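Chain lettering (A, B, C, D, E and F) follows the sequence in which the chains are written, and residue indices restart at 1 in each chain.
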């Protein structure tokens, strides 16, 4: 029986964002979100780790060619986020608070659609700073 | 259905410890634990990664405000371990060998009690050096 | 009930490899594998993370003495891969394409045989570069 | 004769910026600066390393108490940059292109004024991403 | 007077090498170089840090556009080393022992020729593993 | 003319220390040093970077064989500090406050004596935590 191996590729992008709920007053945003809600926004070097699972192809020894995975993630995700302001420049996030929680779920949905059928998207990990990161396995709660 | 997202915050603390079983002779301690049992102790820069799981709040986009999580872990855990000697200064560890295995389980139990009810403690990862780390998911064996 | 704790030790080794399928022409190898198939090979500083699970021994506080784990992995794995060319110097890989996918599965099988019976091999993580890594949990697909 | 020892403390701040010369047209900005000039800005997790030099005080063994250095840099620099948009929120940068080159020189001038007289500011290192950093030693050219 | 600022860009390349002096017997090579002289070679993920110095251009705020520096170093250096065996595939190293000391001096000479005249090459740092690196400032001894 | 190349090797050791001036009362120690003066001590994973300079030997391509440097530093320095309490277990530090400033100067003096005559000790860098490090170039002030 073939082995199930997981393969992870890391990507970086630099973006600005502002945590802001437009349904609230500026005062309530400032109170609840603190400096994360400063009007002009701030920014991060995000690191995205994309983990896929599959069985190594006997002819290549690869689950998926890393160059192919790199191209797919850069075209589907990174080009749309790098050097952008998440509140203004990213159509996918319109109407959403650009928290890293919301961002990681949207990245998952886009990658799911773009990956070849025999490749399983297993985990996303998204670092916002060196001190915090978010993970998503595609799980839903009731 | 809302997504289940995991959020991790990293913390550092500097502490001393000595691996020592008081039921044994000094010779047996030295033989079994080697330099880890040197009488005056040695120390580490520990890194603790606390991972919680939950669904993003539609009004904030957050599983839990990172500033709130930081405050809770610092008050419950870090203040009691940072710049301490684990064998002498930490009541929770009295009567326990301060191995990183024992320490991570005690941290789990304290955090479980302190976290809000709707937040699930998912994983702790505790780095002792750059070359080794311990993980605990709250699992028990029979 | 005793807690189930996971312990990870990191190892590094420097090795050369060439991704090459001898059943194919040089042209097809070059076309499919790109520079990874350059004839004389290239190399990496691999980092291997070995994760085992178990319950802390009440007398030592240890799942397994880290010095013992280090010795076992170095003798079983690292000595056979460090400063080697994976296509020529590693009997275990003969007849296999030395992709990191194939390598991680072979390391798993060797460690399984070498670890004491009460220790569970939980996960291997093998970094090929700072930007990609592979994980294996011993899973098989149908 | 007392030894001259250098002491470095690292700091992190998250900020947004846009590389933009207001004397130029938007087209020229886009052409010369590429995505760094996108109108809404992007952002980074900056890491600042402050290096001071001095002789250890015989009574404390310290060149300068790290807690005192931390407080001084946070109040003088970090609080004015963290969670800010460098083009709008930082008076010191008004009328300046917020390149990391310009930023590091301004930080130097502020720290020079704030440090105690017996402490020599030796070097600043400012990381913009994991792949680039800037250094300044207070040198001027003719 | 304008400030002199240093700017560093990091690059990675994966290569194989063998430390071997063809004027010696295989036995002497093995004795003096140990496993570094294994016949088929081994490899590393090298990290190259290129540091240049200059004054920020008042119109751009840049010492040198990072994208321009990246392109120049990739074309002059990285493309000739990445995924190569340093003993066979790199004309510049022919007749030289491919130690990291020799490699860093050759990279310096190539970059010196390729950089624009107003840019000063200040320092190269070349990591061979996570535990060792080499630096060169263009200094000669008598 | 031969090139002057600098070579750095990294080492890690785990040690405990307490910042304490025995000429002062416990109250004064607590007031000036804060938690760094807690009676039982605390600890760190120290990282030591030893940088030497020299010209590559034409026969080996090496400034100094890294294995030889590793052995020399481990025997001269690391074995005397690793898994030790710096206030009690290290004769060299007796009568000295075990600040990292004092420690780095003592390491320099020991290494100077132990290195071969044609090798120049250029720089020591000693990390106490991930957020601070100390450097010494052997400089004295008047």
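Criterion: a contact is a pair of C-beta atoms (placed from the backbone, for glycine too) under 8 Å apart; a residue touches a chain by one contact, two chains touch by 3 or more.
Keep in mind that what you see is a predicted model, and the values were worked out from it rather than measured.
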Checklist line | Given chain B and chain C, the chains that contact each of them | finding: A
Check: Counting one step per pair of touching chains, how few steps separate chain B from chain F?
Finding: 1
Check: Which of these, B-F, A-B or C-E, makes the same contacts as B-C in over half of the contact pairs?
Finding: A-B
Next item on the list: Select the chain at the greatest separation from chain C, using centres from the mean of Cα atoms.
Entry: D
Next item on the list: Please name the chain that ends up farthest from chain B once chain centres are defined by their CA atoms averaged.
Entry: E
Checklist line | Distance between the centres, which are taken as Cα means, of chain F and chain C, whole angstrom | finding: 34
Check: For chain A and chain D, what's the span in angstrom between their mean Cα positions?
Finding: 29
Next item on the list: Could you please state the distance in Å, as a whole number, between where the Cα atoms of chain B are centred and where those of chain E are centred?
Entry: 42
Next item on the list: Mark out which residues of chain F touch at least two other chains, giving numbers and ranges.
Entry: 130-131
Item checked: Interchain pairs in contact, sorted by label -> A-B, A-C, A-D, B-C, B-F, C-E, D-E, D-F, E-F
Item checked: Complex contacts: residues of chain F adjacent to chain D -> 19, 21, 23, 32-34, 96-99, 101-102, 104-105, 130-142
Next item on the list: Spell out the part of chain E that touches chain D in their complex, as residue ranges.
Entry: 1-10, 51, 55-56, 59-63, 65-67
Next item on the list: Under the touch definition given earlier, write down the residues of chain F that touch chain B in their complex.
Entry: 12, 14-17, 35-36, 38, 40-45, 82-85, 87-89, 129-131
